[in-house]
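Some structures are shown below for you to check.
The same subunit A turns up in both complexes below, where it pairs with subunit B and then with subunit C.
== the complex of A and B ==
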């Protein structure tokens, strides 16, 4: 082991050092600096995109024990074993690991860790060469890989089953089953159906789900010969709604009954829109009202007015704060994910059905694993929770 | 009028047989005296229904020793103790009964209400035409032309509701130019019971070419049904148009004191009356050769359905087709080849008046009957539903359980009584066979009384109830029903032989019968007709006998010719899948009820 001495920069310190030198044998040891670090290892940092080297060591015998003299560890790096070491940084005492994020991939490096007490430094032997590089596979994400494969496998398997004509059971959603009933009520009463697709634009997934359900409702109104009014608060939503309704009317062979004037843009303003829709409710007295999409504070204003007109109301939103208002003021409410599941439920398309079923099973499996992990952790076994969080056992 | 009446004559003109009963007031109560029957004579060569009626009355005359006819006419009112009757009433299902088509705007709303009105009036509903039934207009027109109904009930729209849809339906009917089944020289009766705002346009479309009658809307608002006026008009038109044009009915109508009613309508009326009088929930079933009628009163709502293709003779092959061989063989406690079963069933269809010649044939017939009853009951449950399309009131507690409208009204746990009727039930060699068939088909839950109609006189009593309610109910209680006993069926599932209930029965003698009931067994506790017993049922926590899961129920049960039947086979009933085990269990259950002789030797 080599010891690289260092001249004290200040005279006072030098004098104190001389004075202390003669006092005792123990003090004599202090002159040669703290004990060096041991077991120094430098490796390419795993599971990264390159450009970093991980250096680990066992701390000095004088760090937290012995002379208690270690103040920190100096990291030195060179591209040659014997010379050219440059100071990288100093890490505090007690630390046993450092990541050098300044390496160039493909270049070999050597490292020395010097234990320092503020005056002297005792260096380790150089370690290396070590070369940083990018990894193709992040082993810490093995858990995610398994989850992805499992989920995809389930989805594909269920899609395949659905395509083969196997019946996939989906829990009946009362709100969706009531679509026919609501449109039927409007038909018997000779009044229109009002469809409110929320106040957000087409970049909101809830609005998209709302437009998908609008297609189904429009098919029914076309079959029953009942007018369908769709007020929108965004111009893009109006265009999308018009296209959807037009297609629905074509699908059931009633293109003549399609009236684009009933799908209107009101205003982008939240409460201006709410006031406009309320006015329609009071004037037109629709017998069935649908609220499907993203809603904010206007939800209760709309739902209460609709209820007072005696309409059957079916709402669906993933906005948790608005759900209680819809539940109490509407006949049926699609809660959160039910809104997104609606398109699969209504269309019975194998692709959508299989995806829905696969995702549900995936969720069920993950919930079971989380529960198991919690139970094991409660009894002091952390391997499952560790694996879930870090991907390594 | 009721106080003066002593002798009552009632007939029911069925498709094949005309049945006559004579009722007499003895002291303070009315009792059945005799019953006579003769073949119905609507068809050629006679083509006069009154001939069969007179023949049946003659039999009554002979059996009762009373002179009722004089010169081919009924002597009315009665003259002294041995001559004449005070009232004569009749029902009829001859010539296929009353066959109707109904129309409504939305099939599950006014269409369904119209069907309920027609069924409740005793009609067979041949088709329901609706704006949303998915058929093209020409297909609907073709259906109306092909079926040739006796009558059409047109409904649609609430009052102040849609007019255009109703006008469209009226135009469809007008375009079909429907002709009635009987009589070529008269117009088809059409009852309009829809939106009052559309009356003008319906009159304009249909008034000229049909016998249009307008009554109150059957759905004035979606939240309420108003079937009475439409039903009343159906009965009236049945008499005026359909019956008046059937052979001999004009003469028969002149004899009767109240209008002739369609047979099922009269049965329904009686069942509704009894349910109302006793405040009970009832299911009645009449399994015939061609059709099976199911009646029910739940939550004070009367419903009737007719399964026009489920029966024990003409329609028996259809039962096989609908239920499938497996469903039928699951009730047969011996090995039977499929071809043998099919042949037995087909023989019954082409020779409808034959009866089983041996025990095997009887068991096969009763297996078919179970399935026919089960299927008819399934249909009934889907029709006996709450109103659809009504606004609901919600609270935040409904967040995860949003019940839909249109749920079935049939609740087997609330059911108090099942009344069976029809040859296979009323004429089963042992009454316990009828009880077992009804239990297997309807799967009653909790405590349910069982009864059969002894000689199928419910139709006559039904029509009689419109003119003399006291006589009808007294004869119904004393002579019509044969009380089989009470079925106790805990609801729940367990492993075979696991205890499911403790039972303590205090018999009229004061003797206590205590039993631990095990899952999968049937027990018979004898208790005679007219006797009652106090019973304490203590189910284990997975089972419910009517008070809730694991809760004790104390009640009084009625006896009957069979007794108290404890059915611990669980609900829903799951028969063993392995054939050998299933047959062993079927024999065990039948032997527990002493339903068949020497079954243990098989």
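== the complex of A and C ==
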């Protein structure tokens, strides 16, 4: 290990070292640098697209203990072991890791970690050479890959079975069985149906699920001749909803009943949208209200206003924090996965039902794996739970 | 072709996003970022459609003097004022747009948000009525958790925080995680249906 003053040039290292040693001998530890870091390692940062090196070390004995003098660690880098080290950055005391994101793939680098007290710096020995490179597979996501392949395989297998005409039993979902009842009620009362597809854009899978269910609901409203109002908070969602409803009306032979003005854009603003939809509820008095998609804090504002109008309300979302509000204020709530199952359930198309069956079997397998992991962990074997959470054993 | 091209785009984009999750190597990492940027550009231009829809609906309401047409006048005036002030003089502090945003839009949004306090009270009242065994259990759990979070709870019984934290950390977390796992499975299944073109309703191609 080398100890020397922070601004001392390398050429005079020896002389300054002698001087510091002499001074230390006279004045004790006051003018010497802090203890150096230990166990320095530099490796290519795993699971990245290249261009970065991970450096780890054990903190100085004077960092948070000993002389308590460490203010930070200076990171130095060079392409040669013995010379040419350039300052990269200084990280605070207590830190034991740094990622150098400025490397060029294929170039060898050496690193020195200098413990500094603000005046003096004590350097580690150089570590290296280390070379950054891009990886072709993210090792930490092996568990996710296996789960995805397993679930996809199950879904495709059941879709194939459905294609061959096998009868598939799907468990009843109360909220979806009530869709016909809700639209029928609106028809009997001569009032419209209000459909709220959430406040997120088309890049959110919940919004897509909401638009898919809208298509099924629109078929029912077209058959019964009930007006369907769809206020949206995103322009793209409005366009997708218009196309979906138009197609649904065509499918049931009622293109004349389609009114694009009922599918309207309100605003991107969260509470502006909530105010707009609340206004529609109070003015139009819909007999049935559907909330299907991604919702945030506006969920209860909408659902409570809808409840106060006396409408039958069916909600579905995969936002766990909003589920209690919908459960409280709505007549039926599709919880999480049921939102994604709704389209298949309502369509009764064999291909879609096959995917639903595969999903249910996937759930059964994952429950079994979780139970096994819990039992093993209870007996002190954590390899399965570790693998499930981190992806590496 | 009207439905084939969107299906091909969906398939390619979906598969690329899946591959980039497992393969950090270029070009996949950059491609996924590129797709996100493209989406933002499309969504921004789609704003024109949204604004056009607002103008069309409200101009029609005014021209036909439908009930509440006066509100449509205010809405269109607000839209024009905000757009012209923002495009004409910018959005930085000191401009008309900045003034309208901080003194009109933000307070109105906050007002709507504040309504939540009243809605939570009325919803909680309905949820906590002990009409069934489940509702009674919910009521008991809610009372314990509420008392564990306020000083008077500790004053009544010093173990309320421990019991309240246990309810939040174990039964509550277990329930939340069960829902999350179900959601993850549902997302995979729904994504697969969309990527493979089995589910087409969202693009107006249900049958």
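Heads up, the rule we're going with is that the second predicted complex is superposed on the first by the 218 of 393 C-alpha atoms of A that agree within 3 Å, B and C clash if a C-alpha of one lies under 4 Å from a C-alpha of the other, contacts with A are read in each partner's own complex, and residues count from 1 in each chain.
Just so it is clear, contacts are C-beta pairs under 8 Å (C-beta built on N, C-alpha and C of every residue); 3 or more make two chains touch, one makes a residue touch a chain.
For clarity, every value in this text was computed on a predicted model and none was experimentally measured.
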Figure out whether A:311 sits in contact with subunit B (first) or subunit C (second), or with both, or with neither.
first
Please determine whether it is subunit B or subunit C that touches the greater number of subunit A residues.
C
With the two complexes superposed on chain A, say which partner A:190 touches: subunit B (first), subunit C (second), both, or neither.
first
So, A:178: does it touch subunit B (first), subunit C (second), both, or neither?
first
Where does A:389 make contact in the superposed view: on subunit B (first), on subunit C (second), on both, or on neither?
neither
Quick check for you: in the superposed arrangement, does A:335 touch first (subunit B), second (subunit C), both or neither?
both
For A:374, is the partner it touches subunit B (first), subunit C (second), both, or none of the two (neither)?
neither
Per the definitions at the top, what is the overlap between the subunit A residues touching subunit B and those touching subunit C?
323-324, 327-329, 335
Parts of subunit B lying in touch with subunit A, wherever the complex brings them together:
105-106, 108-110, 131-132, 134, 156-158, 160-165, 195, 219, 222, 388-392, 394-396, 398-399, 402-406
Interface with subunit A, subunit C side, in the complex: residues 18, 21-26, 29-30, 36, 39, 42-43, 46-51, 53-54, 56-57, 60, 68, 105, 108-110, 112-113, 115-116, 119-120, 122-124, 126-127, 176, 179-183, 185-194, 198-199, 201-207
Could you list, by residue number, the parts of subunit A that touch subunit B in their complex?
174-175, 177-178, 180-182, 184-185, 187-191, 223-225, 310-312, 323-324, 327-333, 335
In the complex formed with subunit C, which residues of subunit A make contact?
47-50, 134-138, 141, 144-145, 148, 151-152, 155-156, 159, 201-203, 205, 208-209, 211-212, 215-216, 219, 234-236, 238-240, 243-244, 246-248, 251, 261, 264-266, 268-272, 274-275, 283, 297-298, 300-301, 303-304, 318, 320, 323-325, 327-329, 335-341, 343-344, 347, 351-352, 355-356, 358-359, 362-363, 366, 370
